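Dropping a structure here in structure tokens format, bear with me for questions.
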Amino acid sequence: MAGRGLYIGRFQPFHLGHLHALKWILDREEEVIIAIGSAQYSHSPYNPFTLGERVEMIWRVLKDEELTDRCIIVGVPDTNGIHSLWTSLLKSFLPTFTRAYTNDPLSALLLRESGVEVKGIPFFKREIYEATRIRRLIAEGGAWEELVHPRVAEYIKEIGGVERLRKLFKLS
Amino acid sequence: MAGRGLYIGRFQPFHLGHLHALKWILDREEEVIIAIGSAQYSHSPYNPFTLGERVEMIWRVLKDEELTDRCIIVGVPDTNGIHSLWTSLLKSFLPTFTRAYTNDPLSALLLRESGVEVKGIPFFKREIYEATRIRRLIAEGGAWEELVHPRVAEYIKEIGGVERLRKLFKLS
Amino acid sequence: MAGRGLYIGRFQPFHLGHLHALKWILDREEEVIIAIGSAQYSHSPYNPFTLGERVEMIWRVLKDEELTDRCIIVGVPDTNGIHSLWTSLLKSFLPTFTRAYTNDPLSALLLRESGVEVKGIPFFKREIYEATRIRRLIAEGGAWEELVHPRVAEYIKEIGGVERLRKLFKLS
Amino acid sequence: MAGRGLYIGRFQPFHLGHLHALKWILDREEEVIIAIGSAQYSHSPYNPFTLGERVEMIWRVLKDEELTDRCIIVGVPDTNGIHSLWTSLLKSFLPTFTRAYTNDPLSALLLRESGVEVKGIPFFKREIYEATRIRRLIAEGGAWEELVHPRVAEYIKEIGGVERLRKLFKLS
Amino acid sequence: MAGRGLYIGRFQPFHLGHLHALKWILDREEEVIIAIGSAQYSHSPYNPFTLGERVEMIWRVLKDEELTDRCIIVGVPDTNGIHSLWTSLLKSFLPTFTRAYTNDPLSALLLRESGVEVKGIPFFKREIYEATRIRRLIAEGGAWEELVHPRVAEYIKEIGGVERLRKLFKLS
Amino acid sequence: MAGRGLYIGRFQPFHLGHLHALKWILDREEEVIIAIGSAQYSHSPYNPFTLGERVEMIWRVLKDEELTDRCIIVGVPDTNGIHSLWTSLLKSFLPTFTRAYTNDPLSALLLRESGVEVKGIPFFKREIYEATRIRRLIAEGGAWEELVHPRVAEYIKEIGGVERLRKLFKLS
């Protein structure tokens, strides 16, 4: 099944569950496109980090794991609720791919309606590695650092991400 | 001057002049962000290729030249004439960078007004390696293949790019 | 009171309550514009069908009921929360009309502020013929087919609409 | 070749050349979707009439020619230069169709790339029935009325269209 | 600390708490820019008044209080959830300012990240002078008039604002 | 004819011809709304200054001329070519006005179609006080300072406007 897989997520933030999924796909495909969705959003409890910050997190992990020659990172804006345009935008923003990997039901539905082969990804300890939970832990001062790659933990602290999340959660 | 350089262009298409510039920057910086501007446009004589197609071209060259571990490709939409938002969008879409390299006067003006250090890039045989000229050569059946990397020439032919440019030029 | 009535709705989907209302307006006006609102949205539990799919549903019913020479179908995008532009957009997208028929309080408020005569429509067994309820019935495998015109039931099944709604409701 | 044809145009204004083309398609297809492009634009020399005004023109002609039961009128906004989204938007705004009829090279290119069968339409006295020429004739007080259907001529005068075009042409 | 302060709010509607805050800032700064946020929204329970109506309210109060030579009113659209562009848009829409005054945590976070000095404003009887509460009182026929400046009360009644709020609240 | 006049322009930059026109309107109306159009654009040869910079120019002149209690400055974005929405946007962004003053034929056409009374403004030495000419003079180092109010000349130099125009003109 060697080809180029598409791995879609928002990666808010990129955590060890994501890395596990990425490696699982890399066992099956020669290369992987990491598509960072909702590219334009940031500074909300649901989407705290900018696209650039998410690219940086993933890049640092790829370097550390020596995966830069097999992974292409691409940001994809969402279409502001106009779902019928999403696959079209996605395809025009991405290099060619063989099949998509996602557990998100709407993405899967839209991709399948447009003729793309879609596969699920086995969850890796989902009760622990889950972005919503990790954002809350960061905001509340919980034990989040072990849930992300050391390079990501470092970077989040470097840009004042903990403070930002704490403030954003007070808002919502 | 080791840091992370930002190299901005539309890369319609990515040609040997671009590759030359990229290597020149890589001599000066540890890493380079290749920012592909006007990400959302395609299928016009000025912007024939989609973002995804431009990412693919550059990726194939980076693989061939063994540069994937030093170059981060990112697409950046333009702001539809609202220039005062462009640097802000750029910064939010890009990982951190130390300085920018561009010969485009508007990009340079906007980046400098927002506090970014901007450097020019020595042109490499500009009368030959120039994207406007290369697009015309492709459309008119001229000798364009030697002006791009072999991986790019291959890819443009693979996706029917010659035919597309020929049709787009009949339009304009 | 012969003129051209404007009948506004989202028609997600077009059901027998809508058809009843349409006929009630056709008793009062020579012609009716059927304005399909929120034209750009689809693939959500609240707006499952594309504009094209809604046009198709209504068109098949109009053909069956021999009403194509008295009804003009027009899609109207919503203005993304910028309500002060909505009547303006509506008027520029629609042919001339004499008065509007709607039970939606915001539409009525905006139309009246812009000088349009607005009339309510008597509800027809609203507890039964109500789009929110019908969408849920489709998603949950309930008895929805008798609540829409046979042409609409046929069409929804033809395009895999039952399956789509089932998946969209799992999402939300 | 009986099916549903798609006839795409801007119809600024709908003239006898358009009507001729429509009838030619109706000889080949059971039904025709008349897709009015650049739906959102008006009040410029290139796009003088609103979508609603163009729908009205076409509707009056269809009534007069007793074609309302074979023609579906739909407005389609353009995607503001983002051509890779256009076919996707088009398909989501339109009911199902079998094949497209257009002489516009960009529309043909985009539709073919997305897998749609595209056919050309024989021009009908193009040196006479051409929208650019007709707009200029209206603006300059030339003999335009015989170039459109009597219902269209009537309507353009009814809404002050001659005066509008005269003013718009002074602008440009 | 004489300079030009920036006072940011939505002013839905401009009430005596706002006027109190404005005067408090005017004690500290030579001039104040009154930035009216979410400029494009109106006709919802949360944002009932148009930008123009809010400018009118504030202008009438400034005239009455003889403050027109120290206050510059500017409307600023919001960026539709794309928070990383907001300070950039704000700065391009506003004349120069020395520091910002706001109690809104997201505005403060974004302004501080972009290098602006931000100060809080002491609340003035917040349990009474609070816009959410005042909108509800207007809608429900409560005692709202004494909570706004007489010029504002007059104006809201003049434009049918009470009736509008009553209808909008029935909606939500 | 005492009321509130609307004076529309782009004011790129605000020059003595504009000030002359403003005073001419102030002779006829109690108050004037100065509507700054194309609010979102800047950094192009046609629209060099941001909205904020134009507000600042006009504000400094109004202060100097002691006109702040009779003039309301409001920025109005343009509608990106969707002219049918422009008057609607304008009305929602502006406080009430009695009549409009403009020499721009498209603005006049659109305002009149929406029922607004429009008056022309006598040109004041147009061959000298014309914004296009003044922008060119600034860019080319000509004698522009005497064509604007001293406060405006000062401010343009203060923000590096001469340098910006010089660079922008090299672009185009």
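Going by the order they are written in, the chains are A, B, C, D, E and F; count residues from 1 in each one.
By definition in this document, a residue touches a chain if its C-beta (ideal position, glycine included) is under 8 Å from a C-beta of that chain, and two chains touch if they have at least 3 such contacts.
Note that this is a predicted model, so its numbers are computed, not measured.
Undergrad: Which neighbours does chain A have in common with chain E?
TA: B, C
Undergrad: After a C-alpha superposition of chain C on chain E, what does the rotation angle come to, in degrees rounded to the nearest 5?
TA: 120
Undergrad: Is the contact between copies chain B and chain D built from the same residues on both sides or from different ones, judged by whether over half of the numbers are shared?
TA: Homomeric contact, different residues on each side for the most part.
Undergrad: Decide which interface, C-D or C-F, involves more C-beta pairs in contact, and give its chain pair.
TA: Result of the comparison of C-F and C-D: C-D.
Undergrad: Between chain D and chain E, what is the separation of their C-alpha centroids in Å?
TA: Centre separation, chain D to chain E: 46 Å.
Undergrad: Report the inter-chain centroid distance for chain A and chain B in whole angstrom, where each centroid is the mean of the CA atoms.
TA: Using C-alpha averages as centres, the distance is 25 Å.
Undergrad: Report, in whole Å, the distance between the mean C-alpha point of chain B and the mean C-alpha point of chain E.
TA: Distance between chain centres, rounded to whole Å: 44 Å.
Undergrad: For chain D, jot down the residues that touch at least 2 other chains.
TA: Counting only residues that touch two or more other chains, chain D contributes 42, 50, 80, 84, 91-92.
Undergrad: Using the contact definition from the top, classify how the chains connect: line, ring, star, complete or other.
TA: Other.
Undergrad: Among all the chains shown, which pairs meet the touch rule set out at the top?
TA: All chain pairs meeting the touch criterion are A-B, A-C, A-D, A-E, B-D, B-E, B-F, C-D, C-E, C-F, D-F, E-F.
Undergrad: Spell out the residues on chain A that touch chain B in their complex, using ranges where they run on.
TA: 39, 42, 50-53, 55-56, 59, 63, 68-69, 72-75, 77, 91-96
Undergrad: Under the stated contact criterion, what part of chain F meets chain D in this complex?
TA: Touch list, chain F to chain D: 80-84, 105-106, 109-110.
Undergrad: Quick check: in the complex, which residue numbers of chain C touch chain F?
TA: These residues of chain C touch chain F: 84-85, 87-89, 91-92.
Undergrad: What residues on chain E touch chain C, complex-wise?
TA: Chain E residues touching chain C: 40-44, 50, 80, 164, 167-168, 170-171.
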